[in-house]
Every structure is written in structure tokens, then in C-alpha cells.
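One chain, chain A, appears in both complexes that follow, with chain B as partner in the first and chain C in the second.
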Partner chain A sequence: MNGCILILVALGLSIVFGLMGIINFAHGVFYMLGAYAGWVTVHLTGSFWLALLTAPLAVGLIGILVERGVLQRTYGTKNANFAGVLVTYGLAIMIPDLVRMTFGRPGKPFAVPAALTGSLFRLGEIDVHAYRVFILGVTAVILPLLWLLLNRTNLGLVIRAGTSDNLMVQLLGINVARTWTITYALGAALAAFAGVITAPLVAVAPEMGGLVLIECFIVTVVGGMGTFLGVVAGGLLIGESLAITGMLYDVLADVVIYLAMALVLLVRPRGLFGQEGMSEE
Partner chain B sequence: MSHPSRRTILKTLAGAGAATAVSGFPFVNRLALGQQAIKIGVVVPQTGPMALEAQEMLAATQIAVEDINAAGGVMGRKVETVVRDSEFKPEVAKRKATELIEVEKAAFLVGAIVGFEGIAMAEVGCKNDVIVCFFGQNFLTVKGKMCKYQFGNNLTPYQTAAAAAHFVNQQKMGKRWHMLANNYSWPQMFERAYSLVAKQVGADWTGVTWAPLGTRDFLPFLPKVAAAKADVVFITTWAADQVACAKQVQEFGLARQAKVIHSITELTFAEAAGPGVYENFYSGMPWYWHLKDKFPAAKRYYDRHYALRKRAPGGYTASTYSTVRLLLETANDAKSLETDKVARALEGRKFQHLKGPEQIRACDHVNIQDVYLCRGKAAGAMKDQWDFFDIVQAVSGDATSESCEGEGFDPKKPLTQQI
Partner chain C sequence: MRGLILAALVLATAPLYADYTPFYLGLLTEVLVFGLFALAYDVLLGGVGVLSLGHSAFLGVAAYTTGILLARYQPALEVAILAGAVGGLLTSLLLGVLVLRKRGVYLAMLTLALSQVFYFVVLMWTPVTGGTDGLGNLPILHLSDPLGWRLSKRPITRYYVIATVIFLAVLAIRHMLGSPLGRAMRAVKANETRAAACGFDTRRIKLAAFAISGFFSGLAGALLTVVLEFVPIENIHWQMSGTVLIMTLFGGTGTLLGPFVGAGVFIWMRDFLSKHLEYWEVFVGGAFVLIVLFLPDGIVGSLTRLLARRRPAPAAAPADQIPEPAGLVGAARLPADVHLLESRGLRKTFGGLAAVNGVDFQVRPGELRSVIGPNGAGKTTFFNLLTGVLPPSDGRILFKGQDITGLPAHVVSRLGIARSYQVTNIFGDLTVYENVRIAAQSRVTHYRFWGRADALAAVNRRAEEILLHLGLSAQRHALARELSHGEQRYLEIGIALATDPDFLLLDEPTAGMSPDETRRTAAFVRKLAGYVTIVVVEHDMEVVMGISDRITVLNYGEILAEGTPAEIRENADVRRVYLRD
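Showing the complex of A and B:
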């Protein structure tokens, strides 16, 4: 499960960084907002399935507001990348407090949907539960769709081109501003989707985005910032490292992801799939 | 016989007049003493992940102070709280505690929910010779780590673990024990306690499965727990980790294989997990709101807390109320605000607030108190939104507290005479 969640959240982080050059500290917040938007939907309608749709849409919309309303003001300024870091870091502090004020504490109860409760089959000593298979399944569906979007559509072409050479894309007369907005919203929606599918298994709380963000930074660094395959490989590597260490030698689980990152960076300083020139203007 | 001189008579009259003015006229008395309210400094994380718990504790503090003031205050003086936000950061907790002592002239310091706040506050209190009382677990009860002015009214990790272990033993739940815990210093204290009690009662301690703090997915750790083939699995996690762990342990079906005991829980965690998630799990608590049906004082406190916060108080909240009352009642009885005098009066003090009799043990300042082991209810069995548990057993504090020798203290001497 962890690998799937990390891939979904880190993909958004990676795409935003690849195209916009922003280290988006607010990304974990979108993951948390996804869980809350899902809770609101389930609370109002009782439908988890509707939440899978409404949470990414609502948070994608918030992503548009953040990009248009806040981030755009930093573009073209001196040290724009640093300004982006500061602004998103500020949002990462502010938004959880807004959520606390709006929804109160403690976290919100979020149950596994009735149709996905219970064990599907047994794998050795472990019951494999329907909900975990569902998480694997939706990730397996979303990844190819996203790959198609990035590799077989005009939008994807612009995003990929922007990731390689942003300045050249602008010189070709393409409306980069709109692409950036769409990309930022897409990243937020992906994180929100991950948030809503994780919610039944964890505590839905305002601070839930903090730790996932750290792990996702590690995933993107290991995989190579701004690369689709890199994030998938990085997510699987980090997620599985955590899982296998937990099973075999749990006392190392605390440090294994940092060790994995150090090892990968020693061998490939740009990450597993990172290439020279990416995201460098 | 010589007559007193005119000067002597004048001096005597002036002295008598002054004494009468001070003692005989209350308003003058108040003016002379300044009659300023006694300040109690409170440091809690009003912002951050423990903000709700902090708000609950502030409500409990307010109720305790109101009770004391209604009973005449401390030595006739009103008590008021001065609250500071630790922001859930040790350096901020330290700064705010210092400010409360140096600027606000607080007579006592109370607060801290988690360990790092407690350490920060204790450092400031000890340095300034001001009594510090924790709201959270009293985890510093080891020689060399605490000063003579530190007190903890809440449970120690040892008490919490030993209560769960004795409960398991008394309920004959099985003799093979294992623990699943987050890997940091607080749960490590539980490991020591469980392994010691296991030895005492002849149980087989199979060790610990450690999950990193902040674990989102506990599933990879559960096969190791299952492989231990334990009769009883103690879980020592806190806050969001405990909620995720409870959900996933329920999903994994561990309770079908072993008795699952949360070493300690809070009402807010069960609330965040949702109805039924703690079903069939046992959990330790310093207090549970069902005690209102047993103790009239608990009922009065419950009603006032509910009126103030529109929520049932949790175990830590009730412990907070008791902490503040204990401190102020002791100062009143000692007729002093001097740190040394109040500290000595606290040592060995017996009291009963919201549950059975309690006593601050003189040699280590640990509160010898009952621990409540509760069983989680099914969603359908809950009578209202706070009715997550039923109390199964109160485990006596006498059986569960580590000896002073075990902590490195002389059991025959009060702590203030040992440090």
C-alpha cells in the first residue's frame, strides 16, 4: 500500500517540480485536503465512490486557486524558485491550521467502504484484504492513464517539453501560464486522490500531510526529479524497502529509506532515471 | 519601678496601631499583602497536533481553579492562570516557561503533554526552584534525570505497562507476551516494564516489533507480531500512529489470534478512529468518564466539563484537573507558596479527587493510583458518541508502581532530601 500511495503523491510533486521548478512544500497539504474532502463527501452522501471523484476535483480546484492566486505572483521575480519554496512552505503551515479551525480536532473517522471490507484470500500467513487490493488496482489503472496523458496528448507534450526546456517552450509561443496552472491542479488532484484512498486506513488529521511529504521528496530524489518512471521506481523502491525491512529487521525501518536514498545518490547523483539538463533553465 | 519614657510609649502605640490596622481591617490587610492573585503558569501546545488535548486540559485547569477559588482560594488569595502556547516545540516551551517565572512571577508551573515539552519545562523549573507538575505521563522518574521540584500526577510508563500486564495476568489471558510499538524513547520505557513484570509473573516475553514513529502502514510489521504466536499483544503507540495501528490491527484480525491491549489510550484517539475500531481491544487509562457513575465528584466534574466543552473529558483531562487541585490544595494546607515547603507537603500527600484514593509517594514523587483497563465496544453497542469503552477492571496502584530502589532512589527518604 505504502508504495502505491507514495507513487501517487510523489508523481504530482515531481511533475510540478519538473515543469515549474517549484519545490512544492504545500503538496502534503493537498494529500490531507483530499482526505478531508473525502470525509465531507462520505459524511454528506454516505458514498465513498463519490468521494473518489469529488476529492480530487475539489482539491484540484484549490490547486488552481493557489497557483493563480499566490504562486503566479512569484513568477518572474528575483529568486522565483526560492520565493516558491517560501510561499508553499507558508501554505503548508497555514492550511492545516485553517483545517483545524474549520473541522476541529480530533481527526475524522473514516471507515473502509462496506463493499471492500474483509479478506479476499490468504497469502502465506497474511490475509490479503479487499481494500488493499483495491488500492493496488486503482494505482495500476491510474499510472497508465497518466502515462498516456503525459506521452500521448498535446498537454503532455507541452509538460514534457517544459520539463526539459521551459524557456524554449515559451519562445515557441505556447501558453505556458495555462499549462502551469493545469499541471499544478493535476498534481494537487493526484495527491488528493491518494489522500482519500488512504483515509480509511489511517488517522484523518490536519497534520497527516507532513510525513508523506518527506517520504515523497525522498522518492522523487531517488527516482530522479521530474521523471515519470523515476517516481514509479522510486516509490516502489522506498515503499518496498520499508515493507521488507519491517518484516525482516524492524529496528532498521526508521533509517532504511534514508540509506536507500544515500546509496542511490552515491551511484547515480541525479537519481535512478534523472537526466542531465532536466529542469535546468 | 521606672516609668516608660514618652518615646517608648509612642513607639508602642505606633506598633500596636499598625498591627491592628493590618490584622483588624480586612481591606487594609488586603492592601498590605498586595492581595494579588496567585499565578499558576500553564504551558500547553495550544497550536499543533495536540491542540485539542491542550484545549481540554485548559478547561480542566479552569474548572480546578474555579473550585479552589470557590473554596476560598489559597491562603485567602484568589488563584489565576497565566497560559502560554508551547507550539508543540521544546525550545518554545522552555522560553514560555521562563517567561512565566521571570515576567509573570508564576508560583508554580504546570503543563506539558509530551516528553520533550516536559523535559524543557522541568529544566526551567529546576533551574529557578519552582515546582513543575506535568499534565502528560510522568516519565522522568529516574535518579539523575529529575530534580526535587518535579511532580507528575499522571501515570508513569512503568505504572501503565505494569497495570496492563497485571490485568492480563489476573484475567488469565495467557503467558506469552509480545509488544508492537513505535520506536522511540517513551515506548522503550514500556518494553523494560513489560519484560520485568513478565519475569515476575512467569510470563514468556517474546520481545518487541518496532515500527518507526509516524508509520502510515503497519501491515508489514504485523506478520512479525503474528509470528511471535503470543497470547497477548501490547500495543504502545500514540495519537495518529495509534489510530492507524488500531484500524490496521482490526483489519488484520489480530484480535482473533491474541488479546490486544493498548498500553494507554485517550478518548480522542478512539473518536478519530471511529465507532467500532477499538472493539474487543483492551486499553489502559488513568481515568474514564464512566467513573462518574461511581464517584459523585467525578460526576460533578464531568457535568461541568461537558457544560464547558460539550464533550466528555478524557483520562488526561481528568488527570489535569486533579493535578491543579492537588497543587493548590497542598499550598493552601502548607500555608505557603515557598517551593520547598510546598514540595515537602506534596511528598506523601494522600488525596481523592475523581477516582479512588491516590498518594504522592515521597521517595520519587510518583502518584500511586489506580489504572483503568477498559474494553472497546462494538459500534452498535455504543450508547452515545463518547461511549467507546467499558471499564473492565481497576488495577490497584500499589501493585503496579516500580519501587523507588528500582528507580535509583532511597525508599526511606523523601526526594527533597535525596537530591
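Showing the complex of A and C:
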């Protein structure tokens, strides 16, 4: 899995966890749905660039529906955080089958857009593909924007404040319910966006969400849950170690990242950039 | 007991209802094995309130251990099964040690990620495990002499052997849940902070629950290998953890029967629905969402609640008598040290803020000391430092001359310091009696997983005594959260006293009480001071001036003044800062 894409997906997971205290098991599903929304758009209009827009929008909307229709019923109940994990897990089982019903079991081919095919230049022995550079570029644009959103806007302030003390934010008279909906939708849209840009690299399939979800877990554990920098660093670390071990000795790739996680857990349980006390509860 | 006999009868006669059809018996056996797995899972979820998504590792390691042993060394069947269960136990201990540094959903995520390590090991170690093809070609299975039974291919034989093992396992689990350890687990689930303040090492208790859960999950995994004569790699994939979670919640957590019903429903869905519907997971996932949202007690839990008659509301205790401390404390516990408790230069900073800033504090045995100060003066932080809830940033704490700086809460409790909290902190979901009993039990045993907790005579006597003297005997069977506010405050003091403390810290014992209750409580605390040493944080000045031997005034984390009530009343600094006149 590409480090950039891992960062984008894991950030959505981390933001939702930080604010709402739930592990969003449906996150991988949103990623998969993004790829499918992209496929539909390309299928209908032939435009990859349009898909970059429609996929996050469509899946963001689904995120709103899920949050309003399902998750909101769990708030304020006993063990609300558990319940949030459980219902999203239920959705993660349901939705891939719904996708199979609609699009069939086999995956859908998804071509690299014409403008980005081929290699851009050669770096020594290695071909540098235009599409990979594109992913890097897109990530380089999105990350600062997201950082600005979280650190320089009112919404970001509320999200960060809510992450550290939800009740207090509520007492200040801020509409927390709406912030939660927006945050959840934002997470879904981020996952969907990552899904579309991954689509040309892998086959679009109903199962694609499962694997990325676990990798995101590892990224957030290594980097530190709920921290922007941690997720970026964790994503790069995990993404690159996957890529490098993948090149050297394929079989070991998955094991290496799990070992990295176990090591971090042993030495620094809160993650590389995690703050003390965060996400302990 | 009746339930168990009934269960035994049902198990014994179940094959009759289907005319011994092999398909039906195979299904039944599978339901039983997964039921055991779900029950083992619930030891953790329903037992200590830990959500695990790593149980695939326990089941899987055991299934492969049994499978590999059988395939390579052909040991006796019971040896292979036991080895599998031990494999599950060891895996759970390893995982437990790693993940119990965290809590809640974060812990759940860690269990999932770590359990996948085992999946990848199996995946890569193809020569031994068979990789994605699974592990097959297991030889004919037989028990060792003198039984020497060959576990024949006949499904009926196999059913009865498996059913017997599972019935015994359920008995064992039931026994453990009623043991002192089982009760401690329930206390940890009900209120972890309170359990720690009673002297329970909550992390270890949870680790013990992991071990029990891992052992029986392992047993289920080993039996699954025997039933299937095959180990599919799905057994160790994380989705197996999701499956067992779904089964447990379908049936209902916190019951013995629930997991078996849940396993039955799930396997029925899988076999029946998938025969008729290609996309059966939509229904499993959907049903799961609906159960979580609308039937959080599961099928069995909800039925039980529906059938159970509502208990009549407990009779209110007469509120006019002051509890007699002699019965509560036994002999006076006043050690001969010059200072029972002492803090030297105690500091606690949060970021840039010093909540407690260089406090030198001494309490003599038998003293009743009040700590007062405006809001934010650091009183509660000071208490949290003394009781090991927070580690100090600097300074030392001595108790009976022993340095207790930085010791965790449960160790501090065992040394003889008990406390009540500003916001009532009791085991709300446990009965009034159990609240006090579990606190008394902490002085006797924590981890004993055999014997009935209710058979600890000395502990029972102590709990009875305390309830009697607090006037709560009539409500002993009520849940603690059903008590009135005043009664809950008393119960909390009862919990604290049940741990036989030498030193008692009370954080605003009269908060939220009526004037009448306040008067009664003040008199009670005063009387109690003849038996144990007490430090009390209190806002009610009348109470403070009335009962204290000495008063310490905190302001901005520092001691502003200390002295008798008369001295404090006359102190100009105190009047200026605290009484604001």
C-alpha cells in the first residue's frame, strides 16, 4: 500500500476516533465505496477528474446518512463507544455484500487516466510513473489544506477542542451534534478520495476495504492516535517499510509492519507522536 | 442448578429429535463448540467489560496446535486437546500483557492488529500449517488407555464426547465466575476506579480474565479441529473475532446460555440463509446493527429481563440514627507512629499549572483533620496524590514511616489508606451487599479462582456488620444505584471501611445532603475519628468548625494556614482569602 494513500485513509480514521471516540470499522467500506463511486463516474462520463470530485461527495453524503441514521442512536447510551464500534462493524459486514449485489462479485478494472500513463522520467534503474508522482502531488496538496482546516478554522478548533473535552465544548453552547456529523462525513470523504486515487493501482473490489482498515489501525497505533503529525509519520513509515520489504523480500512485507507495531507498543505505548493521556480511555 | 440439570438433559436427548441424522448432529456439535467459544469470549466482555477483537488468535493458535500435534506426532486425543487449550492460554497472556496498557476501544483495536500477527505466521509457515489451504490429513483420533476409546467417525459418538467436554467446561466457567476472582472481575467491570481503590490490581484481574478466556477459547479451537478433522485458515483470521463477537451479542452478554443461543442463531443464519440467499452477510450485518441498537441485552438477556418480575422497591432506612463506629471498624486502628501520614514538598503540575505546590503536611494518629480552601485550591488533587491515583511531580509521601511516593492506587489501599470521592463512586450495578462484600474480600483474596466467594465466612460477616451499622441491611439486595443520594454516600464510606483502613480520606462527605443528613453525617464522622485517622475535605464551614481537631487551609496549591478551628477562625490570611471579608 502506498504511504501517501495510507496517510489519507488513516487521517480520516484518526480524526473520527479523536473526536467521537469510536473506531470506525466502516472506514474501509467508505474507501471501497469511493473507488466504486469513482468507477461509476468514469464509466458514465469517462472523466477521472470528475470522479475525484464525485466520489468524496457521494461517500461524504453516505457518511452523513450513517452518522445521522445509525450512529446517533448510540450516543448517550451505556457503553456508547463500544456500541459505535459494533454498529460500524455491522455496516462493514453488510455493505460489501450490498456492493456485490449491485456490481457483482468480480472486481472492476479501473484504468490509469490517459494523461498520467507511462513513466515520467527514469531515476537510475527505476521508472518513475507519472501516476505515482500524481498521487504524491495530490497528497502534498491535501495534507496542508487539511492541516489548515484543523488548525486555522473554527470547525477545526471545535474538533480539536471536542477531541480533548467533549462535554466542555457542549457546555460552551456549541452545536456538537453538527460537528460530529461533519467530522464523520469528512472522514468518509477522505477515505473515498483515497479510494478513487488508489483505484487505478489495484482492482476495484468489494473486499478492498478490509485490508486497508487494518493497515490504518497499525499506522495510527505506531504514529499515535488522534495526532496529525503522528498519522503522517506513521503512514510514511508503514507505507515505505511495506514498499521496501515488498521489493526485497515479498513474503516478509506484512510481518515487518506488525513487528514495527509491536515494538512501538512495547517501547512507547502511546505511539511515536501520541500525547500522554490521549486515547487511554 | 435447575438450569444446569435441564441443560444436561437437553444435551443428552438432543440427537433424538432429529433421528440421529449426521448432518444435524454435525451442526449441533458445531453450535456447541462455537457456543463455548462465545462463552469464553464473554468471560472477557461480560466478565470484566473488555472488548476484544483478537480472539481469532486464541481459537486459531489452539486449533493449529492440536492439528499440528495430531498430524505430526499422533498423541492421545486428550493430550492434543489440552495442548491446544494451553496454546490459547499462552497466546491470551501474551496479547493481554501488551494490550492492557490501554483501555476501551483503543485496546480493542490493538487486540485486532496483534492477532493478525498470528494469521501471518500461519500464512507464511506453509510447510507446517498448510497456508491458505488449511491443515488437513489428520489421523484417526483416539483417547488414551485406560479409556482407549476411538473417537469413531460416527457423528453420534463424536457428539456425546464433545458435548460432555463442553458441559464440563461450562461448569468450570460457571464456578470461576462465582469464585473470589470472578467477583473481583465483576467489580472491575462495574467500576474500575473503585475496584483499584479497594486494593484490586485491576490490570492483573483483567489479565486473569484474559487467561481464562484464552484457555477456554483454546479448548473450543482444539475441539473444532477434532470436529472438522481439518483446520481452515479462517479460524485464525481476524474476522473470526468478529464472528464470535456477533454470536455473543446475538445471544446476550453476561449469561451462560446466551453465547450458545447466539452461536445457534449465527450458524442457522449462515447455513440456512446462505442456502437460499447468495448475499446472506447483508442480513447478518443488518441483524447485528439492529441488535446492538435495539436489543443490547441480546436474545437471552432480553427474554430474561422480560420474564423476571420487578423487585419491589427496598424499604427506606430510618435516617435518624447515627451509625455506631465500634461495629464498623472493630478495634480502634491507631498505630503508634508520631505521624501516620506525612507529605514533604509535595508538588503536582499539569502543564504549567501547579495544582499542588510544595505541600508539607503531617497527620497524627487519631486526628480528625479538615482540608479546606476555595475551589481550585488543589484539595482533590492532593487527595489523588495521597491515594496513588496520580503520581506526584515532586516531593515524597510517607505512610506509617514508609515511603509510598508513586505507588499505584491498589497498593496504597492495601497499605491501609481508604477514601471516598467527591462525586459518589460506588459499584452502581452491583447489589448493596456485594459493594461492601467485595471491598472486604480484597483483604482476604484477589485471584483465587476456585471455591465460592459467598463461602468466605469472615468476609460475609464483615459485610453484614457494616451494612447493619450503616442502617442499609434492608436494602442489601437492591442495586447500589437504586439507593438515595444520602444512602449512596453512606455506602461509599462503608466500602472504604470494609477494607479495614488505618487512614480514611473523605472528599466532601456531606456534598448534596440535606441539612438533616449533613448533621447526622458530621456526627458520624466525628465518632469515627475515635477509631481511625481521618482527613476530610469539606465545604460546609459549620461542619468543619464543629468536628475538626485541626484544619489545613489550601490556597493555590499551597498551605495558607494550619491550626485548630479557633485559630483558623481568627487567622487574618484565611479570612481575607477564604472567607472573603
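The criterion applied here is as follows: the second predicted complex is superposed on the first by the 273 of 281 C-alpha atoms of A that agree within 3 Å, B and C clash if a C-alpha of one lies under 4 Å from a C-alpha of the other, contacts with A are read in each partner's own complex, and residues count from 1 in each chain.
Quick note on the criterion: a contact is a pair of C-beta atoms (placed from the backbone, for glycine too) under 8 Å apart; a residue touches a chain by one contact, two chains touch by 3 or more.
This structure is a prediction, so every number in the text was calculated from the model and none was measured.
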Which superposed partner A:Val141 touches (first chain B, second chain C, both, neither): neither
Partner chain(s) touched by A:Val133 [first = chain B, second = chain C, both, neither]: neither
Contacts of A:Ala92 with chain B and chain C, given as first, second, both or neither: second
Chain B versus chain C as contact partner of A:Met261, first or second or both or neither: second
Partner chain(s) touched by A:Gly21 [first = chain B, second = chain C, both, neither]: second
Partner chain(s) touched by A:Leu172 [first = chain B, second = chain C, both, neither]: neither
Partner chain in contact with A:Arg100 - chain B first, chain C second, else both or neither: both
Partner chain in contact with A:Leu149 - chain B first, chain C second, else both or neither: neither
Partner chain in contact with A:Ala203 - chain B first, chain C second, else both or neither: first
Residues of chain A at both interfaces, chain B in one complex, chain C in the other: 97, 100, 251, 254
Parts of chain C lying in touch with chain A, wherever the complex brings them together: 51, 98, 101-106, 108-110, 112-114, 116-117, 120-121, 124, 238, 242, 245, 249, 278-282, 284-286, 288-289, 292-293, 296
Of all residues in chain A, those that touch chain B in their complex: 1-2, 5, 97, 100, 104-112, 119, 124-127, 129, 131-132, 198, 200-208, 211-212, 242-247, 250-251, 253-254
Parts of chain B lying in touch with chain A, wherever the complex brings them together: 47-49, 51-52, 183, 209-217, 219-224, 226-227, 239-240, 243-244, 247-248, 251-253, 268-269, 271-275, 277
Chain A - residues contacting chain C, complex: 17, 21-23, 70, 73-74, 77-78, 81-87, 89-98, 100-101, 214, 217-218, 220-221, 225, 251, 254-255, 258-259, 261-262, 265-266, 269, 279-281
